[in-house]
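Pasting the structures in now, so scroll down.
Shared between the two complexes below is chain A, which pairs with chain B and chain C, respectively.
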Partner chain A sequence: MTDIRYSIIRLEVTQPGQVVEISHKLPSHVNRCTGYLSRHTQGIISGLDLPEIGLLALEFNSRKQLYINDVIEFEASPGIIPLYRDIDIPLINGQLVTGYYLDTRRVDSKALLNKMFAPYKVSIYLRCEYLKTETDVRSTAIHTTATQTAKC
Partner chain B sequence: MYDQLLFIQQQLKQRNVETALQQFYRLTLEVGVQYYQFYAYNQLLFLTNPQQLPVGTLIHSDCRTRRIPVDINTLQGLEDYSGTISIQFPEALTEEKTIEFIQIIQN
Partner chain C sequence: MKNHKFQQIRIRINASGESVRFTAETDKLFAIVKAIYVSLPDSRMLVGTSLGLKINGQEVFDDAHEVRLLTCGNQVAPNKKFFHFEERIEAGGSAVEGRFTDPGTLYNVTYPYDVKVYLWLVNETQHKSHEHHK
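What follows is the complex of A and B.
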């Protein structure tokens, strides 16, 4: 029986062209990542969709495998809640998710970009699974019984 | 150089990278260049002379991106780049620059 855990990695971009390094430790009991989603969550105000605001790369298992290279876009009026993209990444216990986010917003003049720039946030959502063992179930059952006994 | 080689060996061991060949790789960029792109697939290029690059230079690859800060030393700047690598200088070069890497060809 598998159980799902979601991990959110939040990135804050405060300067134009900034490189944000990612180093995130997943819970050590998860053993597979099955879904991935990344999007702008806060900060940019624009009436137009921007096809590219940044580039994202994610490596799993402490830099052992590069699995995700993605372009982050900005939607002026996000309609449908986006679905997780399916991935299938086996995880080694307790290792890091690393990578970078690079702000690539382009404006003709550098001075104009500095004037217009407002800090913004990008979130990365990871859907990971872990296999529930019999021990997990048994310990939960013992806990319930103990609680009941205490109540009596 | 010994520290750099030791660091690279440890990194490769920790990341289970099997090396087919390790060698030096030099890239010379001429006066006037502001942007340069090249490819390094199935290999890792460890930058060994970041302190000689202009502050604000952006080195961008599939797996790693680095903007050269003011106070960088060689060991801190020893990052590996792989895939499509681009180097963007803040201004066009006014003198010839040689960028040195240690190239690791993977099995």
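What follows is the complex of A and C.
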């Protein structure tokens, strides 16, 4: 049975230098975050890789733990499948993932930046695990017994 | 006996921004879905396209899951192209449901085009030996 859930936080940047606030509630049944990946998803068109388009800071469990500071890049031509960065964060039920994204695209002239700026999207992927509790095991066991009884 | 199979699911996208729901069934002779690879006609199409997937009623990927995380460029070696599932996903005739979404913002793309989703199916022993090597 699947016990990994990928939670996606989508950000939209509409202005140069914009700060986007992140406040995202994870599903209540996931209890550990084991992987992280962030990337540009849509909007920027360029023939060249851009090593930095923005900066990201992410906090878990309603600002109790600052866990991730990252540089977001733009990839012009796809290479290998992006790998999740391993993290290990126990999640408190009902708490928020919060943080900020800062657009840092650099062009020599500010006027030029405003002229050529197009809104774009960044996605943050969190690989979260749902660990089975004793209650789940017990309910499965009851179901099996019931099935066996029905067969008899 | 054969221990590996690459099962193909073909999806036709007819228009820009189209979102297509697809269903399939995994081969009954193979026990586990080990990995997935999504093939698109042009690497420029990777930006913004998404694929949702459910196998056996269990959600594997949300509908907004980006295809770029499940595929790679043409220059990558064939045996490195697949995204390997970290959890055990049962095959053996499981129902596969999904949704492929074209972002609607692609340039120089000719419609219609075909998307090919490859599921790498293996039998029990092969999956265990792969985990052991990890």
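Here is the rule we go by: the second predicted complex is superposed on the first by the 133 of 152 C-alpha atoms of A that agree within 3 Å, B and C clash if a C-alpha of one lies under 4 Å from a C-alpha of the other, contacts with A are read in each partner's own complex, and residues count from 1 in each chain.
In the analysis below, a contact is a pair of C-beta atoms (placed from the backbone, for glycine too) under 8 Å apart; a residue touches a chain by one contact, two chains touch by 3 or more.
Quick caveat, the model's predicted, so the values are computed rather than measured.
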Could you tell me whether chain B and chain C fit or clash when both sit on chain A in the superposition? fit
Determine, under the contact definition given at the top, whether A:Arg63 touches first (chain B), second (chain C), both, or neither. first
Quick one: is A:Gln95 in contact with chain B, with chain C, with both, or with neither? Answer first, second, both or neither. neither
By residue count, which of the two partners contacts chain A more extensively, chain B or chain C? C
When the two structures are overlaid on chain A, which partner does A:Asn31 contact: first (chain B), second (chain C), both, or neither? neither
Once aligned on A, the angle formed at the Cα centre of chain A by those of chain B and chain C, in degrees rounded to the nearest 10, is 170
Given the touch rule stated above, what does A:Pro78 touch, chain B (first), chain C (second), both, or neither? second
Once both structures are aligned on chain A, how many angstrom separate the closest C-alpha atoms of chain B and chain C? 27
Show which residues of chain A lie in contact with chain C when the two form their complex. 1-8, 10, 37, 39, 41-43, 45, 77-82, 121, 123, 125
Per the contact definition, I'd like the list of chain A residues that touch chain B in the complex. 17, 19, 55, 57, 59, 62-64, 66, 69, 99-100, 102
Spell out the residues on chain C that touch chain A in their complex, using ranges where they run on. 43, 46-48, 55, 58-62, 64-66, 68-73, 75-76, 80-83, 86-89, 103, 105, 107
Given the complex, residues on chain B that touch chain A span 14-16, 58, 60, 62-67, 82
